[in-house]
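We call the chains A, B, C and D, going by the order they appear; numbering starts again at 1 in every chain.
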Amino acid sequence: MKKLIATILAIVMCLSLVACGGPSGEQSQEPNQSSGQEGGETIKIGVLYPLSGSTATAGNSALWAVEWITDYINNELGGIQSMDGAKIELVVGDSKGDSQVGLTEFERMVNVENVSVMFGFYNTAVTNTLSQYCIANQVPAIATNAVGDEAFSQPNDYVFHANGCNATNTLFSNQRTEWMREVIQPMKKFAYVYDSADYGRESYETALANMEENGYEEIVGIPIEAGSADFSSQILQLKNDPEIEWVQPSMNMSDAILFVRQMKEYDVALPIFGNGGGFLQADFIEQAGDAADYVFSTSMWFPSMWETAWDTDFAQTVMDAYYEEFGYDFDESASCAWLGFWCVWDALERAGSADREAIAQAMAETDISGEHYATLLSGSKTVKFEDREGAAGVMVYNQNFDTPVPWACIRDGEYRVVWPEELASQEYEFTWPIPSWDER
Amino acid sequence: MSEERIIVVDHLTKRFGGLKAVDDVSIHLNRGETLGLIGANGAGKTTLFNMISGVLKPTSGTITFDGVEIQKKKAHEICKMGIGRTYQIVQPFTTLTLLENVLAGALMRHPRVADAREVAEGIIDMLGISHLKNTKGASLTLIQLKRMEIARALATEPKVLLLDEVMAGLNPGERVELLETMQKIKETGISIIIIEHIMKVIMTLADRAYVLNQGCLIAEDTPQKVMEHPEVIKSYIGERHYAS
Amino acid sequence: MSKTLLKDKIAPKHILVLALLVLAFLFPQIVTQPYFIQIAITVLIYCYWSSAWNIIGGYAGQFALGNGVYIGIGAYVAVLFHQEGFGSPWIGMVLGGVISVMFAFIISKPCFKLRGTYFSLATVAFLHIVRYIILGFNSIFGMETNGGMGIMIPYTGRWQDMQFGKEGFYYVILVMLVLILVVSNVIRTSKMGYYLSAIKTNQGAASTIGINVPKYKMMAQCISAFCLALGGAVYVHFLLNVSPYDVFGYDLSLEIMIYCVIGGSGTLWGPVFGALVLGIINETLRVQLGSDIAPLASAFYGVALILIVRFAPGGLYQLGQMLINKIKGSLGKKKSETKEVSVQ
Amino acid sequence: MAIFFQALIDGLLTGGIYACVAVGLSLSFGVMRLFNWAQGDLLMMALYMAIFLIQGTGIHPLVSILVVGPVMFVIGFFVQKFLLNPLVIRAKEREPLSVLLTTAGMSFVLSNLATFLFTSNSQSVTTPLTGRSINIASMFISTPKLIAFVVALGLTFGIQLFLQKAEWGRALRATSQDREVAQLMGMNNKLLYCLAQAIGFACLGVAGGLMSPIYAVSPSTGATFGFKTLTIVVLGGKGSVPGALLGGIIVGLVESFGGFLFSSLYAQIIVFAIFALVLFLKPNGLLSKDRG
């Protein structure tokens, strides 16, 4: 009787194993390092974002930007001119923010769909894995967001990063400190509230490393547990130490909402300089309500920055289309995708072929400045991929070092860029110091 | 048969909260002897068994087996030393077949599964249940389970066998058969302690008998004499009815 | 050897297992698409982990819900061992296994005396403690773990650094799966196997027939922890990235249990069968249904688990048995090996 | 020194919320030896209900309790009736593993369903209570938490009273001691279990309503609270409702002082370390009546 069970089981397993192989249809025997299709009328680009899981909002927002640009290139610009109007075809995949799922999708795109370029990644874990596999498989790729430095810490000529990572962002934030120094004086000591997730920890470490350089005497590190139920003990620490002049929290959105609410609850009127993430997501202001007033937030992109774009009507059409789709303004993750994907377009035009080696070569030679689609909806005004040392002596490769990270202040429900001047929004006049809770 | 005492229970007491289940009991079992343990329900017989087999730790008093004190040892250590037992309510391994149940017992002395299987098959032949070899524990009848449990205890090749109301719940026919089997086991020279209510079993098998009542030892003698003992009858049929 | 004995030895079952092995080894040659080999690798690693979990959860019946922690410990020890320059990750992997066994011993010792639920609770508590420590600190004992960011493993492609091509990983994990099945079968048919089944059904009775119950439970847990750790080390070298959210995730710990229970815990082929069927369903669902329906696929597992526990505690393996018995019954086979086939 | 008292108050108040969540589980675990692994996710469901209710109708959080509580009561009744009772009755052992598996399956379904229906970004609502606090001698007592604490006390006292005095309450305690004997005494176990589970779910509904002004909810909220609740119940002593309150307050205080003195990560580790200690030294918890 046991023998029969094993037989049935084995047959089912064989079937399922073979079935696995079945639907692939064309048994393409191409070697792993295929050069992508030659010429033909479409260029396949693999787009991998976290479309489900905890970072799904940002993933879907970035995907929207990529799809809008592709539609614009194929219809308005008539495809890639240097390849007699070849159309871009997107092969979209969901990494779920998990490197194993990301790797499976990568294999499908690179070996089944035979894409010429990989694009996106967003999460640190996915970028760490796929940057390595892109190098190993010699597939040109542009990663967006992906602020962890480690993925770009290896010399290579396949993986490029248009928007800032920690090493480049912190270089920029050092200049930002001069402005804060003039405004906030004397700025001796501030508190850094970071959650143990992703970049929270790394940005705190980098801030500590640059402490002397920026002239701080002390940075109080207050770690929190992501998704924790209560911050009253952390806020008490802030309230209890009069020397702390301002606080820089770095956490996801639901924590950020709870944090600002409790700051209000405990009447702690310390200026809050939110570090990306939670303080940026679309409906942070809406859900945090008036507790978010006068909170500063830093990001590579703020909706009000469209005013400083070189073609404001074009920028407006894109912003309106985005607003119609999502009900909130064009956010940072869409802006990074915008910058990155136009770089891909720029490289394709210069490469003139769908061959991966040619595209990789073209990407390496990217030198964008002035009135270019890429810089329309992004803080970066120039794009050049360099191998240079970033902040705190971290060596990063193929990075764009022009990645401004402006400050904006939340006033009556809107992000208003206050610094740097060239990106500042005209309507809002910046005032200091911050009024206490009851004056607001 | 040398008169040597294989198990000595000395002033054993077990207290559950206020209740003294076993109250200062001292008994002994001689090598090769079959001992009867009788008493009304709740007299502390099974508690005594549980203490001897290591399932329960006594509140005070000692139990020595082959000269070694065992009241502090764990159940599996006591079984290794040579005390096998059955349960008042049968405890089969339901997912294992009858042979596997007995085999699990034999594995202690015979680590290799093949040897243990041989030993197990020998024992279940002796108990006449080899035709049920591959039946799962869950689908055996009560008499089959009782025989299986005896076989499992014997498979550990014990020096002393503790049988707890083996006849309980059986019909007269089954009782006769089981009595013959127990007769055969007795002839192998193994020492046995039986807890039983059926006097016929005590009469035929037991060389000596103890009587417990409310945790205390009230009589010790050959089965026949114990039957006439006034205290014993009183404990069974109650004070008032006893025609003194 | 007499003829009948010979016949018994080469029964159809053994031929079948051999055929299955050959097919599994040939699979990467038949299907050269790296995408499908990739899926096969993921399915195989889950088959391996579920079989490892089966040793404690299936055979011994002790529900170690937090055993996923050993996957993480194995992964981190192997990577840190290599990264800090102590030696090759292979040695690190074995060291990870040993450390996992040590932790398994420390945690399980006190609570094997307690009832089942407490053991599950203790393992999950340990998983949470280790997760908070890994997430909370940037370096542990002076070694760079950079908290939530995880550690990236630089790509070298050398087998000494436990990195192989796509097919290389397939064969490494396949060999590990075969080894764990051999180990499970040896356990199942040995004294330990019978003792564990006895403990699983009736712990009290088991102790009175000479079984040192805590000791055998401990042996099962230590073997399971060791194997899980080895799997963890190989898996992260395949991903080239160790993310604490993944290897120390509560979901992973739950998933290896769910595949095992749905497949049929306590049997040799159950976990493999469960991981295979659910793995492939998961993959096809994810590709066909696309992203936003993906959480439904996981919800489907939860429902499948509830149904299996309610109607077929023996899992798919038991359903397979019932199916065969019906077919056998309807075929009216005259000669049947056993007189009475009971379905529990 | 004021900070010390502030941390003390916060610990107590957060402990009250934890107690609210743990009371239900303590009841079902005590009465039926039924460990509900989906406790955290059920709380998340209740929180989603409360928040959507308040967003939709704009009612006051305390009023939302009157809606979400009874709804959860009914859900709890039927979950026990169809999903768990058949297993509990069928199983011989006192703490059947099949129940543990089913509730683990439930938690898997709930968290993934929430991700599918509500996507993964968090939802929260600004209610009249949000951000409000009473200022006494430079100490700030958050109003929503205070209310939660008071309700938690009331809930614990109420259930304890119900178990002591009410007819059904004593029947529930009887079944918790010995299932067979209770049945022999003519108690309809199935109905009692449904009642116990329903009360448990209702407590979660109340906790959800109380937490709506304070916390944002996302599919991962279940995980955050899930294991913490199990810790509290074991800490306080399974089966003892006041134990759940004590356990909740202990965890709240440890988190508050731990977070204040060290960092909240140490606090979490301390909580689990205490849990491990209690599990090993006094598995039946601090206040448990059951010597088991």
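Details
Simple rule for what comes next: a residue touches a chain if its C-beta (ideal position, glycine included) is under 8 Å from a C-beta of that chain, and two chains touch if they have at least 3 such contacts.
Since the structure is predicted, the reported quantities are computational estimates derived from the model, not experimental observations.
Closest to the protein's overall CA centre, chain by chain, comes C.
Farthest chain from chain A (centres taken as the mean of C-alpha atoms): B.
Between the Cα centres of chain A and chain D there is a gap of 38 Å.
Chain geometry summary: the mean Cα position of chain C and that of chain D are 33 Å apart. Remark: chain B and chain D have CA centroids separated by 48 Å (rounded to whole angstrom). The distance from the centre of chain B to the centre of chain C, with each centre set as the mean of the Cα atoms, comes to 43 Å. Within chain B, no positions touching two or more other chains are listed.
The set of chain C residues touching two or more other chains comprises 132, 135-136, 292, 295, 338.
In chain D, the residues that reach two or more other chains under the touch definition are 115, 223, 263, 265, 268. Contact annotation for chain pairs lists A-C, A-D, B-C, C-D, with touch applied as defined. Across the interface of their complex, chain D is touched by residues 52-57, 196, 222-225, 227-230, 232-234, 236-237, 239-240, 253-254, 257-258, 261-262, 264-267, 281, 283, 287, 289, 291 of chain A.
Against chain D, in their complex, chain C makes its touches with residues 61, 63, 65, 110-111, 114-118, 120-122, 124-126, 128-129, 132-133, 135-137, 250, 254, 257-258, 261, 292-293, 295-296, 298-299, 301-306, 309-310, 313.
Those residues of chain C that touch chain A in the complex are listed here as 11-13, 16-17, 19-20, 23-24, 27, 30-40, 42, 132, 135-136, 138, 146-150, 152-155, 157, 166, 239-241, 243, 245-246, 269, 272-273, 276-277, 280, 283, 286-287, 290-292, 294-295, 317, 320-321, 323-325, 328, 336-338, 341. Chain D makes touch with chain C in their complex at residues 33, 35, 37, 83, 86-87, 93-95, 97-98, 100-102, 104-110, 112-113, 115-116, 223, 227, 230-231, 234, 263, 265-266, 268-269, 272-273, 275-276, 279-280, 283. Of all residues in chain D, only 3, 6-7, 10, 14, 17, 115, 119-126, 130-133, 135, 140, 142, 214-218, 220-221, 223-225, 228, 255-260, 263-265, 267-268 touch chain A in the complex they form.
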